[in-house]
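As written, the chain order gives the labels A, B, C and D, with residue 1 at the start of each chain.
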Amino acid sequence: MAERIPVTILGATGVVGQRFVERLADHPLFEIRHLAASEASAGKRYAEACSWRLGSRAYGGLEESVVAACDPQAVGAPVVFSALDTAPAREIEPAFAATGAVVFSNASAHRMAADVPLLVPEVNAAHLGMLEVQRRGRGWRGGIVCNPNCTATVLVMGLGPLQETFGIEAVMMTSMQGVSGAGYPGVASLDILGNIIPYIGSEEEKVEEETPKMLGGFDGESFQPAGFEISALCHRAAVVDGHMEAVSVRLQGDPPPADVEEAMRSWNPEPQRLGLHSAPQPPIRLHAQPDRPQPRLDVERTGGMPVHVGRIRRCPLLGIKFSLLGHNTQRGAAGASVLNAELAYAKGLLT
Amino acid sequence: MAERIPVTILGATGVVGQRFVERLADHPLFEIRHLAASEASAGKRYAEACSWRLGSRAYGGLEESVVAACDPQAVGAPVVFSALDTAPAREIEPAFAATGAVVFSNASAHRMAADVPLLVPEVNAAHLGMLEVQRRGRGWRGGIVCNPNCTATVLVMGLGPLQETFGIEAVMMTSMQGVSGAGYPGVASLDILGNIIPYIGSEEEKVEEETPKMLGGFDGESFQPAGFEISALCHRAAVVDGHMEAVSVRLQGDPPPADVEEAMRSWNPEPQRLGLHSAPQPPIRLHAQPDRPQPRLDVERTGGMPVHVGRIRRCPLLGIKFSLLGHNTQRGAAGASVLNAELAYAKGLLT
Amino acid sequence: MAERIPVTILGATGVVGQRFVERLADHPLFEIRHLAASEASAGKRYAEACSWRLGSRAYGGLEESVVAACDPQAVGAPVVFSALDTAPAREIEPAFAATGAVVFSNASAHRMAADVPLLVPEVNAAHLGMLEVQRRGRGWRGGIVCNPNCTATVLVMGLGPLQETFGIEAVMMTSMQGVSGAGYPGVASLDILGNIIPYIGSEEEKVEEETPKMLGGFDGESFQPAGFEISALCHRAAVVDGHMEAVSVRLQGDPPPADVEEAMRSWNPEPQRLGLHSAPQPPIRLHAQPDRPQPRLDVERTGGMPVHVGRIRRCPLLGIKFSLLGHNTQRGAAGASVLNAELAYAKGLLT
Amino acid sequence: MAERIPVTILGATGVVGQRFVERLADHPLFEIRHLAASEASAGKRYAEACSWRLGSRAYGGLEESVVAACDPQAVGAPVVFSALDTAPAREIEPAFAATGAVVFSNASAHRMAADVPLLVPEVNAAHLGMLEVQRRGRGWRGGIVCNPNCTATVLVMGLGPLQETFGIEAVMMTSMQGVSGAGYPGVASLDILGNIIPYIGSEEEKVEEETPKMLGGFDGESFQPAGFEISALCHRAAVVDGHMEAVSVRLQGDPPPADVEEAMRSWNPEPQRLGLHSAPQPPIRLHAQPDRPQPRLDVERTGGMPVHVGRIRRCPLLGIKFSLLGHNTQRGAAGASVLNAELAYAKGLLT
């Protein structure tokens, strides 16, 4: 292995931060240099600063690393992965970008900024071109690249080949989302045991605005959001990991289910063609059994990076409906940022 | 209390049968005369023939009653409540109707028959008029009145005032259904713990065909199904009782959420005006908190007979969306049949 | 109804405080005069200050009451129910007692004080006599009466008749406890969904020290803890309400299971003989089915005040083992304090 | 890889049978030759005969294999793994043993037979010597080797080093068991969601009789059960995989917790010394955090073959108590049988 690029993880102590540590512990391109978190954690050993909540090797072997504050002077690196909450991300991420780091952010703070790529490499790799516009406009050497909300990520992975092959006219999406999407401690057990909560604050709005941005165009200077109508209805379910989405779509030309299935099956977007390290092969796993995919049985497969689709069928209202599943903290968070960085590297943007 | 009408319960040993016993144990109009079930149970004491699974008084006080076979000669009564499975219901229910009983059935066997009322009293009380046509056509003194599938019942309760007030043009409904809807033993715990199952056999078809029948017209001779398009996407969730439904509708005139809420709030259909014993007051409970209704917190209120609605809001695609909840084994099964019988009594059809 | 005694509820906004409001909303002896809570809640309407989490009538009808701070001058009353956390209880409860209130406390702060009765009326009603000693010693007109930890409460209810009838030599108790015992938000869903947590901070210690105090003697001046050995192993389970306890005991004379069952069945302690409003009849419900009691099916019966026992059988090691279940926030918290107050009233200690 | 030994799997379509297929799909010593099951499955493709319920590669790649009936003439092999239910195992397993196969059985049918080794290789490898006695006595060239009940397996793994190092005088064990232990469909979701069931038929008896057999001696001719007293209290919990056990023990010499921990830490039994393929390294994983081990977080580690121990502490009653966890369908079923076979191979008994 050649020399790897040093990286800093911001917000390393939370659930998504831990997922970054897990994913980067043995990454071929990137090497964890700094773990950074809030002032409350700064100065502690990583094993003291957080309670490891994943099934994998505890602390990714970094239990003795000392956590630092999120100060770009102290913990700068060419590549930064951000698992910060929205509020701190607003100022901290630009501060790192200004010092030359490319920040791959999981936070929502800058997602809808006009010059920030909201990237899902399988779907809109070309949007990464906005990084040049951003650097020029802001006078930065680095930059900010966001991955979308976890629910929107899963959705655009399912919609990507349909937009490419047919063109989308309308989308209705009802989600049943795992509790890990709310972080830790997140959802109280008294709220969710044996229950469904038909509300997640701001989630529907995020899905409805991020999805058209991602599935829209980029002309080298600005984004043109896709023109379809979209409605999201979001629910929390008694599931640990995995967002299940019931999707109905109206497609141009009203193709039959078999054509939709074929479009998904034959989808071979750029990250897969480039063989990026975290790109799942295939990007969409199709299930033949009518009662699949299911979060507990399917979401962990192959590292949680593909999405799963089942039961593509006629929708009496919009034309096509199907079941869609993806991993909210892998594909929808840490894995998404890492894949974004791999794409940026492959395109020569990290040097 | 005047003399009560003797009733027979068919399928008395299952979960829905137990709900019938629970509801009829102290009913002002009806008195349980016979408990009937399959041959395997016939001849046993009720307490031997089944394991009581409800939180209320065990066996409704009928633990010593002897369960009989479903033979209309042996266990005839003017009113019959049927909790039979679909297959046995096909022949047994007509046999009872032929001997003069009015059968209030929870089974799906006869729901879509052209001369059988599929009744939700708040929504289509007038459909009960079909009973006369049925008697005439089949030469029966009794008859069969069905209540719909539990998911469809909850849905039409939410849609009822919208059809009356505005007229419905399109419906999209995604359900998250409690496990009690599958009976006992029903859903295996290995399938549902920490999981969502995106499929319930025939459920979407039932909702899509029963709903227009109920919300359509009756001209004294035949039903005219409502003309709107409807799409159902059904899921099983790790919930004991209660079906949560995420509903989007396109209404004539595209009314704002406040008008939709007012239509639901002021809804005062016939069973409520008649003060029927099992008719909930109000029929729709509106929730102000954005995260309600929730099955575990709300579904048992006032005997499980009202439905609950929350967060009526704009749907970018169809115009209006809202959260809907109802009790699948109360409102959606035993309670539905009992309310149907109360309406029939009030209209003089049980004498 | 004669004039009722005005009461103040301390910590009225939490889960246990809400249970107090629910229980006292229609109580024949007590009438809620003041709702008090932390400074953060003081001055708000009750409906603003807390989110009602129970299935019963929201806010017990007190949604418009203004919550006050826990100041004995401002919200004094002859009887005070305390749902405070341990730390604030240390100073606030004595302050109320000093001004003449009898404080019935669910907090752990004063449970093990040498002059504070740790009361479960069915088990050690005589311990209430310590109130006089306490008043004398502390120069108070009021006083503090504690109910025990929820797990210990359920346990001593099961052990009470065995101590009376046989004498206890040793107790082994393994608990599987509902999440409501940890308050709200309490246990994170990420921790408990599909899981068991084999640890609850300080819980084993509380059970091991409170149980002998309660089952011991009182000679008019001091308590003599019972002499038996006891070991507790406490677990959190994915259950909403109810603490299940697997109990093994060594009894004097090594009685057979039938004698143990008879001792429980015939137990008729003072609160039941006095007919206290909240005293369950019978105090112990015996279950004949081998797989009962179960928390979800049994714990809510008759207001959650009895405990449930099943499958009394030979223990190869200690002689007798059985399954025990009780409601942690009813019998083990709010209901316990209310029953304590009813006993104090019946004994003329509240005038 | 040298030539592998052909094996037959009996009961290949159930949950344990699928675990056998999963474990043997790439095993260095064994190669699946035949899949056998009941007459109902015989003649079908494996993918038709069962629904694959594991997260791993579906059908272990054998989806096209034709399932045969359990006939030793048709599907004989030198090594047989049996996932049969108790009743069919009674006759089918001896029939295979008589034709020369060594049957490694997960069924309970022959576990307590006087000449059948009940084997957990880390604990009683020497008991395998009984196979010679069995062959001699029954006139078989093959034989039957059983693994114990899943709950007993986990328990003896935790007790093994304590029996070796100190000697055990008494054991109290309360289990909280995952639903996969009951097979599929097994436990109904209506029974276990948000619940604990304090009863599993025959489970306590199995633990109480199998444990002393395993921890006892073998003098070359017969087994001498260990002399300690043992009591088991078994519960079903809302957990998918993993049996949690709360254990108290009285040990000779009353060693302190630190000595008990050291005995577990330094335990290095024969399968680990031999480096058997499925032997976990270390056999017992010790947890430092007080709230671990937990089934959902820990049980899948390193293939589910080690057991986990946490919070070794003083028991006021018996001396030592600790938390114990193991995987019921891996360590407690399929993995156990495979490890037994690996030991038998290493000892030259499979040639």
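Throughout what follows, a contact is a pair of C-beta atoms (placed from the backbone, for glycine too) under 8 Å apart; a residue touches a chain by one contact, two chains touch by 3 or more.
For clarity, every value in this text was computed on a predicted model and none was experimentally measured.
Of the pairs listed in B-D, A-C or B-C, the one whose interface repeats that of A-D, with over half of its contact pairs matching by residue number, is B-C. With chains reduced to the mean position of their C-alpha atoms, the one farthest from chain C is A. Averaging C-alpha coordinates per chain places the centre of chain B 48 Å away from that of chain D. Centre-to-centre separation between chain C and chain D, using Cα means, comes to 42 Å. Among all residues of chain A, those that touch two or more other chains are 53, 193-194, 238-240, 296-297.
Those residues of chain A that touch chain D in the complex are listed here as 51, 53, 55, 193-194, 240, 289, 296-298, 300-301.
Within the complex formed with chain A, the residues of chain C that make contact are 15, 53, 179-180, 184-194, 238-240. Those residues of chain A that touch chain B in the complex are listed here as 170-172, 174, 176, 193-199, 201, 208, 229-231, 233, 235, 237-240, 244, 246, 248, 290-297, 310-311, 315-318, 321, 323.
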